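All chains are identified by letter, namely A, B and C, in their written order; residue positions are counted from 1 within each chain.
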Amino acid sequence: MDIHPTAFVDPAAEIGDGAIIGPFTIVHPNVRIGAGSRIGSHCEIGVPTNLVEPPDHRLIIGAGANIRSHSVFYQGSRFGDGLTTGHRVTVREKVICGRNAQIGTLSDLQGDAEIGDYFRTHSNVHVCKGSKIGRFVWIFPYVVLTNDPTPPSDVCVGPTIGDFAIIATMSVILPGVTVGAHALVGAHSSVSRDVEPGMLVAGNPAKPIRPTSEIKLRDGSGRPAYPWPSHFSRGYPDGALDGWDDDRA
Amino acid sequence: MDIHPTAFVDPAAEIGDGAIIGPFTIVHPNVRIGAGSRIGSHCEIGVPTNLVEPPDHRLIIGAGANIRSHSVFYQGSRFGDGLTTGHRVTVREKVICGRNAQIGTLSDLQGDAEIGDYFRTHSNVHVCKGSKIGRFVWIFPYVVLTNDPTPPSDVCVGPTIGDFAIIATMSVILPGVTVGAHALVGAHSSVSRDVEPGMLVAGNPAKPIRPTSEIKLRDGSGRPAYPWPSHFSRGYPDGALDGWDDDRA
Amino acid sequence: MDIHPTAFVDPAAEIGDGAIIGPFTIVHPNVRIGAGSRIGSHCEIGVPTNLVEPPDHRLIIGAGANIRSHSVFYQGSRFGDGLTTGHRVTVREKVICGRNAQIGTLSDLQGDAEIGDYFRTHSNVHVCKGSKIGRFVWIFPYVVLTNDPTPPSDVCVGPTIGDFAIIATMSVILPGVTVGAHALVGAHSSVSRDVEPGMLVAGNPAKPIRPTSEIKLRDGSGRPAYPWPSHFSRGYPDGALDGWDDDRA
């Protein structure tokens, strides 16, 4: 355990073996950080809120996390092992997220979300309350998931994003929309209707364009670009993607 | 008054009774913070700039403010009582803002703006110089207000946003546009023409769709969703919205 | 040299004469900061990464820089003299940038980019890996440059932005696109095809609208708004724009 002398770590926080806490970082009580995790500088971890109650009031971060500088996590969320974040990430309460998530710089998880294993966001992604996100989902920069069909109101219908789905840069997913498994939302789209599994949609409002299976990789190989696990595994642990197409056989 | 031992508060700053200044926060001179306010960790408050002169050179924050961590406020702006911000908010000089503003995480007020009481932005909203914003305005994530019709130029014509207007996620308000009172800009719109009061506009470029009075709440009640104060009051102090429809009677 | 007592500056870092390092800022080894530079509070400068090797492993910042608070620069990038940034800027490794760059608040340079002199971004601009950006380029808020034509994949084809080009608010430049010199991309556009030099394009997908030479300044003068150096020089050092139209004579 290596806590920088300028960091404030509450004695009630549980810090795993070999964890590193960076300079000028604050760790509140009601926090458990797994073994071998690294928290960067200038973070605030376990920000108190009265929106959570025992027994779900702790922030639990699994083993081997790497949370980069200036990030803010509230109490009452839970991440599996292998979390990695960029800088200045915000995570509010009641996010329940699987293993090996990667959350990009400036991304903002508003709380109250269920997220599967191997979730990846690029920079500056906004995940609204009420989101249900599958496994191996990719979300690219400046995408916003929304939940209020008539803002402002007390109606909250978060989107549902299927396993292996991809949402490209600067798209908006409108309230209550379901994006099917292996679907692709093109850049700068506004998705107001459910997206069929394996379909490419694009535009404002987004319309179905073609099955993603018809899209070729731009590497001259002629190989299909989707489903993406057929050619892409950068950054995943060995075996993580094994069996991805079992249900497609 | 509770100033964390790691904070730097200039002796010339005026800090009200019961205010709390968090760890690693810097408060410059030419700052007045009202009683009972709370400034989070890692903030810089009252950043010096030579763009303001006495007597308007101070940063004045009213009573009961809650400024969350990593926020940056320049000298020369003024907020009424009850300001609340998210994390990593930036406020430049010459913002004159009413009471009970709520400014979301990552939002960026570029300075030189007039803003009415009960202004609310969600995360990551960009308010350009020259903006004139009414009372009870709502701005949702990733909205940008712009002011330069032929960028880059020395022409600056900020937008005007009427009382109770709502701008939904990822919309751009183009220079000089007036959005009427109680109007609604749909998500992902690009607003190049003035918007009539009480009208829904949407698209790129945005076009009038229908009066907002024809939009129903999605709660099964059949009630109209607009004007929103007819059904929504979450987070407002008791009585704040009283009389909202006096001029509609 | 003026290093705040709360800052951590590694003895191996080279800090130029008269430089100022703010409170709660960290400067790692493998950093060279030019004379007269000012690094704000809460920054992390020279973040270690194993993605760079000697002799290109250092972060080199020229003389007279002004890096504002909460910014993060990785090792292995290089900036000419006169760099200015807003707050909370992120710069990853292998950015090679000319003189007098201005990088706006919250902007995110993902690394592996070549950028000419006098580059200016406004707030919250995302520059992807593989970008090639000319001299005197302007990029406005919430613009995203992208590089992966079939995300996620291992294909990386960054965009090319010509000298004096302007990209307006909330536009997306799609992978591999070339934006010609002096071209203008209108707000909220999605640019999927190359843009001719001196052409205005707009829309989603962006289409050619007219030559920028036909656009007038909105100051009542009747003068053309483009090429912008014919009327605009705010913030440039004397003589910086001299000769901008030599190749147009």
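Basically, a residue touches a chain if its C-beta (ideal position, glycine included) is under 8 Å from a C-beta of that chain, and two chains touch if they have at least 3 such contacts.
As the structure is a prediction and not an experimental result, all values here were calculated from the model.
Enquirer: By that same contact rule, can you tell me which chains touch chain A and chain B alike?
Expert: C
Enquirer: Rounded to a multiple of 5, how large is the rotation, in degrees, that superposes the C-alpha trace of chain B on chain C?
Expert: 120
Enquirer: Report same or different for the chain A and chain C interface, where same means the shared residue numbers exceed half of all residue numbers found there.
Expert: Both copies touch with mostly different residues.
Enquirer: How big is the gap, in whole Å, between where the Cα atoms of chain A centre and where those of chain C centre?
Expert: One centre to the other, that is 27 Å.
Enquirer: Which parts of chain A, given as residue numbers and ranges, touch two or more other chains?
Expert: Within chain A, the residues that touch at least two other chains are 6, 24, 42, 70, 88, 106, 124, 142, 170, 204.
Enquirer: Could you pull out which chain B residues touch chain A in their complex?
Expert: These residues of chain B touch chain A: 6, 23-24, 40-42, 69-70, 86-88, 105-106, 120, 123-124, 138, 140-142, 166, 168-170, 187-188, 203-204, 215-219, 225-226, 228, 231-232, 234.
Enquirer: For chain C, which residues count as touching chain A in their complex?
Expert: 6, 8, 24, 26, 42, 44, 47, 70, 72, 88, 90, 106, 108, 110, 124, 126, 142, 144, 146, 149-155, 157, 170, 172, 174, 190, 204
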